[in-house]
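Each in structure tokens, the structures are laid out below.
Both of the next two complexes hold subunit A, though its partner changes from subunit B to subunit C.
Presenting the complex of A and B:
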């Protein structure tokens, strides 16, 4: 009966109720849209940073994290790649070897970062084939083939079908040099790699650098699509990867203990950017809801003030203070419920738009957005997470109830004899 | 909080036993530098089943006395006992419970809850007492019938005349079968005929159910109906008439 009373009380001033509920609904919709956008950014960052660069779990030489020298390699690469491949419930795994070389075309030379990859496995992680702007991605054993970043190809003035020569100092001190055929030109999604990157098959680069069966990174992607810091799935994968690669380490006494890290340790910059975005989102939620809460506070204070006499009568009839508090809180909770419902509809529409059409962040004359040297697709698509929506909607109810506490206590403290004298 | 009134089964004492006992009751109000003695030492005993009218000019202390008996106000000194319970020393919640379980109120301006229908207004006190919905609905229907409002149960106060609203107020006051009904100028806002009807209704309830009524009133019709008229003046009881 109290809830019915509260509901009817809400409609005594229907315009005021609707305006307050609408303001709160807009807040809910705004927060829902903002969170979907932030999560879309996460996904984008995750695609670029995690999928293409760090993976969810990275296996490397312990000194590779700090020194990144040619010699800090993971030995027995083939065995380890096979061990990772045997692990269940992983999206993809691969190995990469990095090196620097002077690349020469027919007319120009330029320094290049060479990336030795397992072409098919790399493609499973990063859709390189779709990013090819000329020619094709590495195929088959890809022997003596090379794919160049678009900027590098331009610098070298080479195109698909041309040959480039790579000259470098190999790990044994010898001068490594080899001739490759350009089979593709790619825009990789990384500003640096587009200017300097060149992809070739892992065996080719191992041969060039004289690093047989060695790689710099083993990369593992789990099934996690959340890219959340501290993701349990990733933590679990770290342990499974450790177990999978450890026996090989034990079998080779000269091999160093391997460094096996989740992505947020491999790329703390990304992690801190995401944490900051997350904090910013929640801070915005707090600010928006505080304003909405003030609206509720005002409405409920007015409502209680206008009904002073009535509340006095209720108390005179024997209504306990706690019941008065419950009545006022019910009213506010129902107001919050209306707002939550309206907010869900509005926010749902906004989320749908963000998921379907995204938000175009094209800057200047159509250039792509870049952050920390990584190019982002300028359209950020929203990502809808049920837990975020639950928190958003539950928060508006909590805010509504909290904002009504003071008016409720005020109402409960009324002395019936004083309250009934009010007109 | 424990509720001694709810935990103790209420056994009605016999008719004629005291239900209200007021001893040396005073109530002073500060008005700027002045102290107004609204009640200046009142002794009064109301017995079960009585139909008592407190009469006197405005400012004589009728309403103040009624408020103190109903636990709505705090005395400056003296004591009030209702149905054997001393009000002094009770906290707000205990006084709420006393009003809820022992006292029914009828106010001058009806004071119904506007968002509730006649039936729901009548049920309200029963709801506060925790009576199950079906049971309280049945009781409220019976009570509304008793006050002559059958067929109007679902009307809101705004859809009822003044007399009908006051009947609902009476129904609300008596639905919980209180030991005592306190009525403050219940006929003041009603026309003469409606006032007569309301008084007749309360007399009937007094006769049929043995309900104890105490009125604060200027209305000679109430005076004529009352068994006992307590005349007040300047915050004191001036004299009494028994009819």
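Presenting the complex of A and C:
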């Protein structure tokens, strides 16, 4: 009954009601779109920086995090890779070995960052095959094959089918050197890697560097997509990985205690970037909704002032103050509901656009967006999450009710005698 | 004499003393440096060398054969161990090429990697090149001399302005018989970076030479590179074609 009365009251000034509701609806749509964008950014960051670079859980030599020398390796790699593979509920796992070498084509030479990978496993984490611009990704045992970053291939003036020689100081002090056939040229997704990166099979790099059965990183991806800071699934995986890889094979001379870390410890930059974009989103939500709330406050105050006489009569007829408060709050809540509906329609359209077409962040002359040396696809596609939408819509109702509290209390406190004297 | 490349580094220092103003002011020093210069300008040499490298991570011993012509041209070929046998380094003036028999390729060491280790030792590629440039890059002052038949000549070398060198100061000690005994290399802050010791001075092919050189990095007391001459012949005939990229492959 009260709700019905409130609804009727709203439409006594239909234009004012619609304008206020529209303003709030735009706020709702804006917040929905913004959250979809932030979540899209989040997904992109997790794909590029976690799924492809650090993994959810990383196993390394304890000194690898700080020193990153050639010698800070994880021994007995093959056994450990197999142990990780046997773990249930993991999306992917792989091993990587890094090294620096001088690469030489027929005419040019250049320094290169070599990455020794298990080709198929690497492909499961990083879509290397999709990034190949010439030739193909490493296949099979990939013996004596190499894939070069596009910039590096250009510097060396080599193409698919050419041979390159790699020369490096191996771990035993000898001059490691080997000839490889270029099978592919890749745009890796990282500015630095494109200019200097070269990928070859793990056994080939282990042989070149004389690091038999050693790797720098063991990487595990859990089922958690868009993993958050402190992700329980990742925490759990850290413990499972620890149990799986920690036992060293018998006879290994004083194998080092391995460093097993979740991604937010491996890459604190990624973690803080995510936290920051998250808090930025919530701050924006707070600002936008504050403005919307002031609009509601204004509307409801005006509405109460206009009806001073009427409210005075109601009270004189015995309406209790609590009922007056509920009436005004109902009005505001219905206004908020109207705004939420409109906002859902508008925001839904915006979200659909963001998901379908994305937001192109290409700056100026098509330069690509990069962060911490990692190249992002310049188009950020929105990600719609139901929990975000529920929060957005619920907040607009809460804001509408909160903003109407003061006008409602004012209305309830009117003294019938004074109120009725007003024109 | 030209000895194998590392020894020549020390001798180049003496040569530069000759060029230095202090040297010119002291006739005795002049003689000393003239003698050193004669040694330095030895026409050519052919040597068999053993190089022992000990680092925190590895220890390796290599034997190699070297040919040198003046200060500008050097060819070093590794004989042992098996894995590296046949790898050869050719130095002509400021350039260094490595020949890699396993892949049958010759690669020029790029400018950016001149500071890198030569064959895993504590010598850098730059050391091979700069040996003949010391007199160009440094000014020398004599700061100590032997008295009463004991003691050594001490020559302090500071880089000339704009000289492309990594050292802030180099201090060389030379015995009264004009054979270097110790060279200390300091960085720009004056801290000792590495020390080269010349030991086992003996007569080889009619000349007094330190048969062993020991290079020790100051920050890693347990590490060293030791170069020993198993045999050396001076003023031998070396065909000019030895110091070519074609010959490097043989």
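Worth a mention:
In the analysis below, the second predicted complex is superposed on the first by the 417 of 423 C-alpha atoms of A that agree within 3 Å, B and C clash if a C-alpha of one lies under 4 Å from a C-alpha of the other, contacts with A are read in each partner's own complex, and residues count from 1 in each chain.
Keep this in mind: a contact is a pair of C-beta atoms (placed from the backbone, for glycine too) under 8 Å apart; a residue touches a chain by one contact, two chains touch by 3 or more.
Quick caveat, the model's predicted, so the values are computed rather than measured.
Annotation: superposed three-chain arrangement on subunit A; subunit B versus subunit C shows no clash, the two fitting side by side. Legend: residue contacts after superposition of the two complexes on their common chain; A:203 is shown touching neither subunit B nor subunit C.
Number of subunit A residues touched is higher for B, counting subunit B against subunit C. Of the two partner chains, neither subunit B nor subunit C is touched by A:358.
In the superposed model, A:348 makes contact with neither subunit B nor subunit C. In the superposed three-chain arrangement, the CA centre of subunit A forms the vertex of an angle with the CA centres of subunit B and subunit C, and that angle is 150 degrees when rounded to a multiple of 10.
When the two complexes are overlaid on their common chain A, residue A:127 makes contact with neither subunit B nor subunit C.
Judged by the touch definition given at the top, the superposed model places A:337 against neither subunit B nor subunit C. Per the superposed model, the minimal spacing between any CA atom of subunit B and any CA atom of subunit C is 84 Å. Chain contact summary for the complex, subunit C toward subunit A: residues 53, 55, 57-58, 60, 81, 83-84, 87, 98, 100, 102-103, 105, 107-110, 112-113, 116-117, 119-121. Of all residues in subunit A, those touching subunit B in their complex are 1-2, 4-5, 8-9, 12, 309-310, 313-321, 323, 415-417, 420.
Residues of subunit B that touch subunit A in their complex: 67, 70, 72-73, 92-93, 96-101, 103, 105, 107, 111, 113-116, 120, 123-125, 127-128, 133, 172. Subunit A makes touch with subunit C in their complex at residues 71, 102, 104, 109-111, 165, 167, 169-175, 177-179.
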